[in-house]
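Working notes, structure below.
For reference, chains read A, B, C and D in written order, and residue numbers begin at 1 within each chain.
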Amino acid sequence: MSGEQLLIVLSTAIAAATPLVFAVLGETLSERAGVINLSAEGTIMFCAMAGFAVALASGSVVVGFVIAALIGALAALVVGFCAITLRQSQIAVGFVLALLLSDLASFLGVPIVRVPGPTVPPLPLPLLSDVPLLGPLLFRKDALVYLSYIAIALTWLYLYRTRPGLTLRAIGEQPNAAFARGADVVRLRYLYVILGGALMGIAGAAFSLDFKAGWSHRHTGGYGWIALAIVIFGGWNPLRAALGAYLFGILQSLASVAQDQFQNVPTQVLTVAPFVLMIVLLVLTSAGWLDRLASYFPPATRRRLLQMLRTSPPAALGKPFEQD
Amino acid sequence: TATVTPASPPSPQLQPAATEFRVGMVVVGPENDKGWNEAHVSGAKYVMEKMPNVKFDIVDKVNPGDRPNVKGAQVADDLIARGAKLVIFNSDDFKDDALEIAKKHPDVMVVHVSGDYAWPEGKNYKNQPNLINYMVKMEPGWMIAGCAAALETKAGRIGTVGPLINEETRRYAVASYLGARYCWEKYRQRDPKDLQFKVTWIGFWFNIPGVTLDPTKVADDFYNGGFDVVMNAIDTPEAAVQARKAADAGKAVKYHHYDHPSGCELSADLCIGVHSYNWGLGYLNIIKQVMESGKVSNNWIWAEADWKNWNNPDSSALLYTKGKALSDENSKLLDQFIAGLGDGSIDLWKGPLNFQDGTPFLKEGERATDVQIWYMPQLLEGMEGQSVPTN
Amino acid sequence: MAATSQPSHAAAPSAAVLPLSLVYRVGALVAALAFVGLLILVVGESPLSVLGALISGAFGTADQLGRVVNTLTVLLLCAAGLVFTFNAGLYNLGIEGQITVGAIATTLVLRLLGEALPAPLVIASGIGFGLLGGMGWGLLAGVLKVYGRVSEIFAGLGLNFVAQGLAIYLIFGPWKRPGVASTSGTEPFPESLWLGTFGRTEATPVGVVLALAALALTIVVMRRTYFGLRLRAVGLNLRAAHVLGIPATRQLLAAFALCGALAGVGGALQVVGNFHRLIPTISGGLGFLGLLVVMLVNFNPWFVLPVALFFSALNVGSLQLPLVLRNVDSTLSGVIQGTLVLSALIGRGLDQRRSRA
Amino acid sequence: MDVELIHIHKHFGEVHANDDVCVRFRSGTIHGLLGENGAGKSTLVKILSGYITHDSGDIALDGKLVSIQTPTDAIRHGIGMLHQDPLDFPSLTVLENFMAGGGGLWLHRREARRRLCEIASSLNFSLDPDAHVSELTVGERQQLEIVRLLALGVQVLILDEPTTGISAVQKEQLFAALRQLAADGRTIIFVSHKLEDVEALCDEVTVMRQGRVVGSAAIPCSPAQLVEMMFGKPLAPPIKPPTAREEIALELREALIRTNTFDLHVPHLAVRCGEVLGLAGLEGSGQQEFLAACSGLIPLRHGSLRLNGREMAHRPYHSFMRAGVCYLPADRLRDGLIGGLTIREHVALRAPTRSFFLDEPLNARLTMEAIRVFNIRGQPNTRVERLSGGNQQRTQLALMPNPLSVICMEHPTRGLDIESALWIWQLLIARCQQGTAILFASSDLDEITAYSDRVLVFSGGRVSEPLDAHRLTADVLGHMIGGKF
């Protein structure tokens, strides 16, 4: 594949992966706080529908995004209530919501199927877009894409450079210890689950108002599950998760651009790759093989290596918090 | 989804009134897809205008993606249970279901659009008296589309968002390529080698999440990849929608739509044109015959365009609507081309033509037979894209 | 992530407060129905006419009844299998993949043996291989869980997509129809390889027998055998079960294998009894639906049959909705099913919270 | 800062963990809080540190009444606590642990790193800021917590049994640091069982028993006096008839047992059939792991373990069970019984049958029998979590196979009323008379001395030689538990 073609693939992939980026950031926040929001598939789908419908009615893309975010937050609130307050299985409630919301989206979305509607206008950045390689790659997109860059950076900064971020990681690791240090675990968990849900809502609207403009039956099918896989693939680290999302975008582009390169190979198969990667990574890390591998390195490098590769989930992920 | 019968009372078991003739239509995709499926629904509406005592029951989205665990045959059974005397399947995907239903309900006429089981000369002839194959000869339409695309492309790069790969779709791709190559050579005086004509197949007639490629993505990759004209060959209008995005982003792109004029309204100023198919005509004709005699004179219908009075919706199976993006001089050239096709002065099914793998398709001067065209085994030399040769 | 995979049926309400908890259950049901009714009103139809349409759509004709039965058979097989995994404390979200792989295995056998052997033999071995295929895929998730310490939830979800990828690869690649590469599936099998049906409907006696047998087997095993008892013990408290001398890992793997096997048979039936070929979405979402069924009945096999029947009827009946009612989409069935389970979960949660307090 | 706790009450269900507790901790002093397991020490200090809320009573700092409802309140008032089981984040680095909690938006890593190293070195602790806490020893984790609390500027530092399972060296470091802090005028509250530590470190000591303050004294004072206060009356006399036989039931040689904080080394131990061996010591001194190892639940690091002469080291748990070993954990509902299953189902799980189908008649019979013999207050279909603590224990005992060669028990009578305790011991002694050897851990010294033939004392990562229970005095035992042997 020629360099120019590669650049195109990358550029398209980055744009197309933007909704996923918002989704994985949201899920990462929620899981960092110790709550799995398994409803991603449904939340994204429903918010795509609702966001588009609202934008259509109000004529304002922004309103669409706001409403989508609110609905996403609401769905997450249900998950939070069942998981945190009622101490039901997070898996059960998330899974049911995933199915329920996707069907609900199709059910209520009938009147707006394939109706042309407003989309996010492109916004090439004045100077940056002329930077040789990076310009076309990063800065000839629209506001939403730039927002996603900012969101990635902010999330990372928040998690690793701020005190509340550290507390967030803490409540996902050892809620009791965090409590002993003055964190209001229950409130914070609600906060981050809801915040994560809002981001997923934005992801949904990002599909229907930008990258897959419009609404059709099961418009965003599959992307929610992918997001869950990518969060694990990203080791609950916003930066790596975002990279995972871009990687998926690239695979998608390859599947279409390079189709004629491999005759007789159904390129759809490429889109399964993230799941295989996820499982392999999980096995590698969960079963402690990674640490065994690392143990062959000198301590200094070992630590760096582990920090780079470790994908051990937040210790308290999925466990209800009982303060004794 | 909605039955087109004006507010039929919600009792499914209602017996059709003596005069009323019920037709069931099994539609593979969403009925409002601005493409193939919407075109067939329009056909139904056309019939109902002409014959008020005909009622259509339409079920759309009949595919394993949208309706898991539902088969065309099952839907047809329901429609027949509701009193349908004639059932229409609107996709080649239903060929097995159509045959199954025809066998199961000998008293019901089954119309399968784009199959070949009722074609005595065909390879798969099944002698099933109540099975009708109805198809419109689309190849000229695709040639016109290809020509228009070739006239409009600045970069000399035409991309096609293709559905799944089979004889039918290969035949259309080939037809549009032939049209494109002709106009590229004759009207634009350019070397065919400079024309890049690429087909990317998504795997079905429209997006099925997780199963097909996402046509939105495919279209994006074309536009961003420097293909300034994209031909839509699937049922849904992603090519049109993404064209708008690409144009807004400052790219000089255009698209050519397929099968429903409304597809050209999505991004009007970027639409080169749309070739659409007037299914209503054929339906009307078939239904008339069936209502009179309970059968049709010929179970194999491959309807032609009416070249004499071009674009007459009441006589021509093939219609072509020019879009705003088609420049005036190109529009004139296109008219020449259409006229040529009409009077036979332009016949693109003539040799020499080679297949994609270099093997000969037609020798010098040889003309392709209907059978050769219908069962197009692979793409042609000069085209890019998966071909999946029959073997 | 161990805790995530603990279904929350351990904390059982004490007998003293049963009537009150009954109130919660019923309240949940009412709330669910109210919500659905509201939705229907929102789209401008009357709940009653929807109900009528659903009923007539599910039981109006012999064909429809047959379809309900056909759906029910696969659903029952899945639900029966899931009763094992849930009671072992596992969320086997990988069941869709297990159905798919079962279907693939069956297709493989039918393609290989074709009409070389007598049809009944081919079909039987097809179903047998479906069972093995599903079991293998289930065990894979189990091994990942037990030895790889990978949560069966994410492994399962991943394996679902891998299985579908495999199906797509086969359908487009090695098993494509001559000259065609379409997701619409492989060449249909000759009618000799189709399962016999009740009359002209699609309901297959073999399927019904298999499904009911599976359910009966499940009930017997869970209620009447030491194996079932040990399974519940492991599901409720793995540590204590181990201390009491129960081979926990073997139990977990057995649960995965059993569930996979039953799902695999379901996949086999989809091929030989329903689609008569392999399609990418061969599982038809029945695995996930099975999860909903078993969650709704709180892992109690006795109630699986009625609920599964209800859900199957919804699935089939909803096909009628768009025909009869102008603006009600078929996805209403999914909405109803999901709402019921969600409100049941919440009701159960509130109830437990009350008895905790 | 002076701390005063006034008439503190705290209930956990029916347990009265703190019963009208009044204590005064004076600034600049190290104040010891002594008491046997379950005396209520942790509860008291958790209340002071805001980790749990008290039912009634007041807290006064320098004479002013304050309200402490949450850890934040406590920190704000300059009270910090080092919990009995370290509350930190293993997956995070030392530096991150140091910074976790507290206010402000940004993490000033460089600044934090400086403070960390500064405070650490001032106490001669050496902590690598970039190490993951999971790589640290318990001692280092304590040091980290102390440094963190000091960085928060606490004036009152509470340490809940900090010397359990840290090395002698680290202990010295710790004590040195604490003395220094007290000298700086801080108030140190030092919770412990260990007379030795209290004597070595504290200026004052308050002793608790069963939730009450039973007295306090200034150090130095006679150890006998402290022991007297801690354990109340002189120890109960042995009441167990001799049942030990000649042949060896269980034998350990050069056994090394890994606990999560240290490795326990047992040079040689031979338990005879019918013998009762009591394991004394603070909780978390290795008794649990010792019992788990003897019953095959955790493998020996190395060494040999023989059951009735057969080498069993590295054999799986079920072969131990087949060899007639039975383990009864302390936390019945977590490790011993299966909440959600009924008594009958538990009996069925243990039923001596290979058949595939449940033999309901048999199980019904066995269950009724068990309920009668062990007079369990419950029906065959009563879920075990609904049984009272005592009846849960009875159920556990009823589930023991018969015959057995070795029984390993933790806290056989914890949470039981006197008469069921007596009854249970009759039952166990009956087993001994059949030749079963019993190893049991208990925090109740009376129980140890009353029922053991010999006693092992666990302390500071070491195991004592077996002592003859009949010559055991409270004083000796108290001191040995305190680590003097």
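Heads up, the rule we're going with is that contacts are C-beta pairs under 8 Å (C-beta built on N, C-alpha and C of every residue); 3 or more make two chains touch, one makes a residue touch a chain.
Computed from a prediction, not measured in an experiment: that's the story for all the values here.
> What are the chains that subunit A and subunit D both touch?
C
> For the chain pairs A-B and A-C, which is connected through the larger number of C-beta pairs in contact?
Result: the pair with more contacts is A-C.
> Measuring centre to centre, with centres taken as mean CA positions, what chain is farthest from subunit C?
In terms of C-alpha centroids, the chain at the greatest distance from subunit C is D.
> I'd like the Å distance between the centres of subunit A and subunit C, where a centre is the mean of that chain's Cα atoms.
That pair's centroid distance is 28 Å.
> Where the centres are mean C-alpha positions, what is the separation of subunit A from subunit B, in Å?
Distance between chain centres, rounded to whole Å: 38 Å.
> What whole-number Å value describes the gap between the mean CA coordinates of subunit B and subunit D?
Taking the mean C-alpha position of each chain, the two centres sit 79 Å apart.
> Report, in whole Å, the distance between the mean C-alpha point of subunit C and the mean C-alpha point of subunit D.
Subunit C and subunit D have C-alpha centres separated by 47 Å.
> Taking each residue of subunit B in turn, which ones touch at least two of the other chains?
Residues 1, 65, 201, 203, 210-212, 386, 388.
> Where in subunit A do residues touch at least two different other chains?
110, 264, 266, 268, 271, in rising order.
> Could you list the positions in subunit C whose residues touch two or more of the other chains?
In subunit C, 161, 164, 168, 172, 181, 327, 329 touch at least two other chains.
> What are all the touching pairs of chains?
After working through each pair, the chains in contact turn out to be A-B, A-C, A-D, B-C, C-D.
> Using the touch rule from the top, collect the residues of subunit D that touch subunit C in their complex.
Touching subunit C from subunit D are residues 297, 317-318, 321, 327, 329, 334-341, 345-346, 348-351, 353, 355-358, 383, 386, 399.
> Which stretch or stretches of subunit C touch subunit B in the complex?
Touch list, subunit C to subunit B: 49, 52-53, 56-57, 60-61, 63-64, 67, 71, 161, 164, 168, 172, 176-185, 188, 200, 202, 274-275, 279-281, 283-286, 315, 319-320, 322-327, 329-330.
> For subunit A, which residues are in contact with subunit B within the complex?
Against subunit B, the touching part of subunit A is residues 5, 8-9, 11-12, 15-16, 110, 113-114, 116, 119, 121-122, 124, 140, 211-214, 216-218, 220-223, 252-253, 255-257, 259-260, 263-264, 266-268, 271.
> Within the complex, which stretch of subunit C touches subunit A?
The contact residues of subunit C facing subunit A are 1, 3-8, 39, 42-43, 91, 93, 144, 147-151, 153-155, 157-159, 161-162, 164-165, 168-169, 171-173, 181, 288, 291-292, 295, 327-329, 331-335, 337-339, 341-342, 345-346, 348-350, 352-353.
> Taking the touch rule as given, give the residues of subunit C at its contact with subunit D in the complex, in rising order.
Per the stated touch rule, the residues are 9-10, 12, 14, 224-227, 229-230, 232-233, 236-237, 239-247.
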